[in-house]
Amino acid sequence: GQGVKQAEAPAGKDSKKPVIKIGYLPITHAAPLFIEEELGKSKFKQFELQLVKFGSWPDLMDALNTGNIQGASVLIELAMRAKEQGIDLKAVALGHKDGNVVVTANDIQQVADLKGKSFAIPHKFSTHNVLLYLMLKQSGMKLSDLNVVELPPAEMPAALAEKRIAGYVVAEPFGARSVAIQKGKVLFQSEQLWNDSVDCGLVLRGDFIRSNKDAVAEFVAEYVKAGAVAERKDAQAKQILSKYMSVEDKVLDLSLQWIKYDELKLDAGSYKELQTYMKEMGLIPNPPSFEDFVDNSFIDEAMKR
Amino acid sequence: MSDSAAVRVLDLCKSFGSDRGDSEPVLSDISFSVEKGELVSLLGQSGCGKSTLLNMIGGFEKQDSGQIVMAGQPAARPNRKCVMLFQHYGLLPWRTVLKNVELGLEDSGLDASRRRQRARDYLRLVGLDDKQDHFPRELSGGMQQRVALARALALEPEIILMDEPFAALDTFTRYYLQDELLRIRKQTKMTIILVTHDIDEAVYLSDRILIMSANPGRLDKEIRIQAARPRDRGDGEFQHYRKQILEQFHFDRPPSPAEYSI
Amino acid sequence: MIRQLTKTSHVLIGFVLLLAFWQVTVLIGGFEESLFPPPLKVGKAIVSLIENGSLWTHLQVSLLRFGIGYSTAVVSAVALGLTFGLLPRLWVYIDPIVQVLRPVSPIAWSPFIVLWFGIGNAPAIVIIFLAAFFPVLLSTVSAVRKVEPIYLKVARNLEMRRFPLVAKIILPASFPYIANGLHIAIGTSWIFLVSGEMVGAQSGLGFLIVDARNYLRLDLVFAGIICIGLCGLLLDKAVGLLERWIERQWGR
Amino acid sequence: MIRQLTKTSHVLIGFVLLLAFWQVTVLIGGFEESLFPPPLKVGKAIVSLIENGSLWTHLQVSLLRFGIGYSTAVVSAVALGLTFGLLPRLWVYIDPIVQVLRPVSPIAWSPFIVLWFGIGNAPAIVIIFLAAFFPVLLSTVSAVRKVEPIYLKVARNLEMRRFPLVAKIILPASFPYIANGLHIAIGTSWIFLVSGEMVGAQSGLGFLIVDARNYLRLDLVFAGIICIGLCGLLLDKAVGLLERWIERQWGR
Amino acid sequence: MSDSAAVRVLDLCKSFGSDRGDSEPVLSDISFSVEKGELVSLLGQSGCGKSTLLNMIGGFEKQDSGQIVMAGQPAARPNRKCVMLFQHYGLLPWRTVLKNVELGLEDSGLDASRRRQRARDYLRLVGLDDKQDHFPRELSGGMQQRVALARALALEPEIILMDEPFAALDTFTRYYLQDELLRIRKQTKMTIILVTHDIDEAVYLSDRILIMSANPGRLDKEIRIQAARPRDRGDGEFQHYRKQILEQFHFDRPPSPAEYSI
């Protein structure tokens, strides 16, 4: 460790490489970030990467909105909301595809069984909320038919095990956790409810993008490469992931089964679909337009290489 | 050894452990007895063990050796027959005067109205029936001491123990309360043991004065005051007793200031 | 009357100063409005909260939760405190446990609180309970030990039994210190309202703040902060009045 | 010596009781091990934290942050408290502001704390500072007012000037109450360590707990709770010792 | 109107606002003067305004009307020429005995060693040079009062004001300290104004006694004590003054207990 740092310091001084601070939560959905840092550390030419771990989405958003970090792997809906509130953010890539599961207590057989029960989501502005909405809609129910509570993801498995809630939908590995200890089961995979669903995205601050185009280009390129590594889900990927997340192997394996890391580009179609849902649910009356919010130039460039 | 003794103290010894772990004798071989209806003063300098002795008689403190016999029975723990009056009165500040006097009667099987009546009677005896709904802090020191006295009297005890009852009062109030005490005593025929460091007070009030000296505390001398009552602090007989006691104290110790142990 | 008026004017001047300072900070700092809302915007947010009635709802819920958590904490802590204060032999074993549990944030307990008490009202009440329980317990135990020995001597002299001793002597004599503990506890437990209402609650002032933060409506966060501050102040004053009322009953 | 031994034995017996209670709860409640870890598992977690050295690192970082936040809070709050205590005319305007700010949880402030102080060490220090500042300020102000008038009279008689008056009379005379405030403050601000280290910190005991919670490693959460509890206890005792040392210097 | 007066008090009036908003007169039309080197006692019952009067002379309290002239100049605020000794001594518990005595000398331009020397000298004068490193709480009440006296004397003031200086001490200590006060006064030729409610103390110590009565406080009578020193509390002349004062008090008020205002 130390030798590397010493070798790195003078180089950093000479070229004044910009530091990209990226906020994340320790969830399986941020795997490309972990791999990018782990494999690329000290090899990046245009920038230095610094990952900053947060304990909850609101804490992460505070840091992102105030410019204390340059970007984050964050719920895309939350970033849209910030954008709508006037924070200059751009989504440059996705974190993953699929891999959100609706977990319920073992005695829940169908969606109708949830009626009148408590159901947990991590955040109002989340794909999970949308997934819940879609699930209910498909079964002809409304959000008001059950008691939706926002709960820190870490609290969900315990709440389910003690039957305080009938189910939850949340990022991984929290869903896999309940399944692994047999306190819950998968009622739906996200793709059953919403094909090509959009969830966590890699978001950067607009001012940073504008003044550090080269750095961002390299960063996104490396990110896409890292996604490919993650998608292999081999021993190396798992070893890196467990270093950043330290969960039991069983849980990690299970959650990796459900996730895809290949196509990390946020395409206009999916985004439009998301916009529609957000409007339907009344979460964001005027979602930012695709052009305003999504900057696919870097990822397009990276995929060309 | 007559049965008329209200309190008999026999070879009492007491020491307190000091900070350094060794124990210092505070009282050594104290013996005396008090007849029924007698008013006896314990007179001595600060720190000679007067309060300790009185606390032991009251049962608040255990002796190391020796015996205390009350009305023929060995005394062990505080009881209602022998009531202590404290220097700072020990009134409960959260109760009115009347409620303070009633305190001792509340678990005695008396019904509420008779209890109240009895408390009022004793308040009248000490001349405070018009203050029954005041709280202690609204009264002067002298009045508070009278309430404490009424509370003790309401228990109709056989013996009252008083620890420097008038020391915190000004001279004029003190004189008045001393007369009050004598008047009430005449009515109730109580046995009283009184601790004081005031020679005048001891001579004015007592049937008998027990003079204590310190390190360790012991009884030095007993003086029976035979002056007729009411006594006059200015007359020759009074001054004679006064002088006798003062000499007793000077007799014990050289006049060097360092030895005054103040 | 006149004293009351000058006091009110002091309070008003104090707040005007605060508002001025706030506005100046916003202007000088050049902060983004959505990140650091100026007083006027917050004022509008408060008005809108009052108008749509949600402030009142949240307030009611919070006060109810707080009332339950705080009062059960006070009752149980005073009862246990009296017991432990009178049984020092027992307390020496309990004391170290309490000392280690006390400095742990209720937030740290939240996974276990969810496990044992579920979500919604219960965790909020439990967290408020925890925050109030320890200060009251500790101050009651030490209050019992600080009871003037002279009162205990009087009680022994009157051959009082255990129960009247506690009811007539120890409780009123230790009341001023206990009240001090109650006062401290109301402050600390009100502070934890926000934490308590983060665990699955869907209403209450704490939820209002958390929710507004999720919505990135920092003006509403500020509005919630102001409400919590004012309510905390009022609660504190209310406990102070209650305290003085009891003391007056007991003639102090 | 013997007293020290019996005291230690009380502490030990207390903890054995606690462990027994904990184990019994796990057994009777039939809780899933991963949701409510039994003592043995937590013990192993603590050992592993010690062995890989991370406990020590987290502890150091937390103590450093706490030290900076607490000590700056104490210095500034005592200085301001002395000032306001001596200038009651000024205090009447400040008092209402303080009273409204005090009951607000530092968590509620966190969006603004991040805005002004960034992430990492600074917000943790600021939150600890806030948690310690108000109790110390209030207790200092009231301590200055409780200085026995007789000491002030002596000072006036000696024609003492302002500065010697504060240094020689007011500070030592109000010290016992200030110390009491310091004591309360160390407890409350340590409690907020967890909240403080939630805002983008990458190390520290609070971070350890939050992080372990997100990993669903509740045995580590428990380990963190135990460390925080023990450290809080030790800090409290340390302040107590310091207090007694100063008092001994001043012959009380 | 001679210039030899150390203190001259002229038509002093003072009232305190009561809880109900109206103001109650506490002192009315007090006039007297104290010569240089004289020892004057203010004698009166509790609450008659003795402390208030002394506080006004010391400059701690403002009069409503009237004048206080000290050494020819109107007195306004507390100053080092006129030092007050308080009943509870006012020693700083966080300073050693020596440091307490030094307190008044610290900003007076004296260097540290001479300051220390002077403090030691005055501690020797009161007989406490061996206790200089003790803290006040380690001393008995009598010793603490002597330290306070040494602190006052170290300022070398012209006037010392004493508010019931010996009231909290036991009789024996009080007697001893009264003698000490007279001895020190002889050495230093201080002017002393002393408040007391103890008739014996006033007669034993004073050149002159000013008797005060209450509601509102006023000067009733002035008694010049011409008995030779050292005085004997037991002799006839002493008892004569005693009686005279007692009568003065009985003269004022009927003997009914309610009127004693205790």
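We call the chains A, B, C, D and E, going by the order they appear; numbering starts again at 1 in every chain.
Everything below uses one rule, namely that a residue touches a chain if its C-beta (ideal position, glycine included) is under 8 Å from a C-beta of that chain, and two chains touch if they have at least 3 such contacts.
All of these numbers come straight from a predicted model, not from anything done at the bench.
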Chain grouping by contact, computed as though subunit B were missing: one piece
Partner chains shared by subunit A and subunit B (touch criterion as defined above): C
Identity of the chain that, by mean CA position, is farthest from subunit E: A
Distance between chain centroids, defined by C-alpha means - subunit A, subunit C (Å): 38
Subunit C and subunit E, separation of their C-alpha mean positions in angstrom: 50
Separation of subunit B from subunit C, taking each centre as the mean of its C-alpha atoms, in whole Å: 49
Euclidean distance of C-alpha centroids - subunit A vs subunit E, Å: 83
Subunit B, residues touching no fewer than two other chains: none
Interface hub residues of subunit D, defined as touching at least two other chains: 35, 111, 115, 198, 213
Residues within subunit A bordering two or more other chains: 58, 62, 66, 152, 154, 158, 161-162
Pairwise chain contacts under the document criterion: A-C, A-D, B-C, B-E, C-D, D-E
Subunit D-facing residues of subunit E, complex: 58-60, 77-80, 83-84, 86, 88, 90, 92-96, 103-104, 106-107, 135-138, 155
Interface residues, subunit D side, partner subunit A - complex: 32, 34-35, 110-111, 114-115, 118-119, 198-200, 202, 207, 210-211, 213-217
Subunit C residues within the subunit D interface of the complex: 7, 10-11, 13-15, 17-18, 31, 35-36, 92-97, 99-105, 107-112, 115, 184, 187-188, 190-195, 198, 206, 209, 213, 218, 221, 224-226, 228-233, 235-236
Contacting residues of subunit A [partner subunit C, same complex]: 57-58, 61-62, 65-66, 81-82, 85-87, 118, 120, 123-125, 147, 149-152, 154-155, 158-159, 161-162, 164-165
Residue ranges of subunit A touching subunit D (in the complex, touch as defined): 23, 25-26, 52-56, 58-59, 62-63, 66, 68-69, 152-154, 157-158, 161-162, 173-174, 177, 181, 183, 245-247, 251
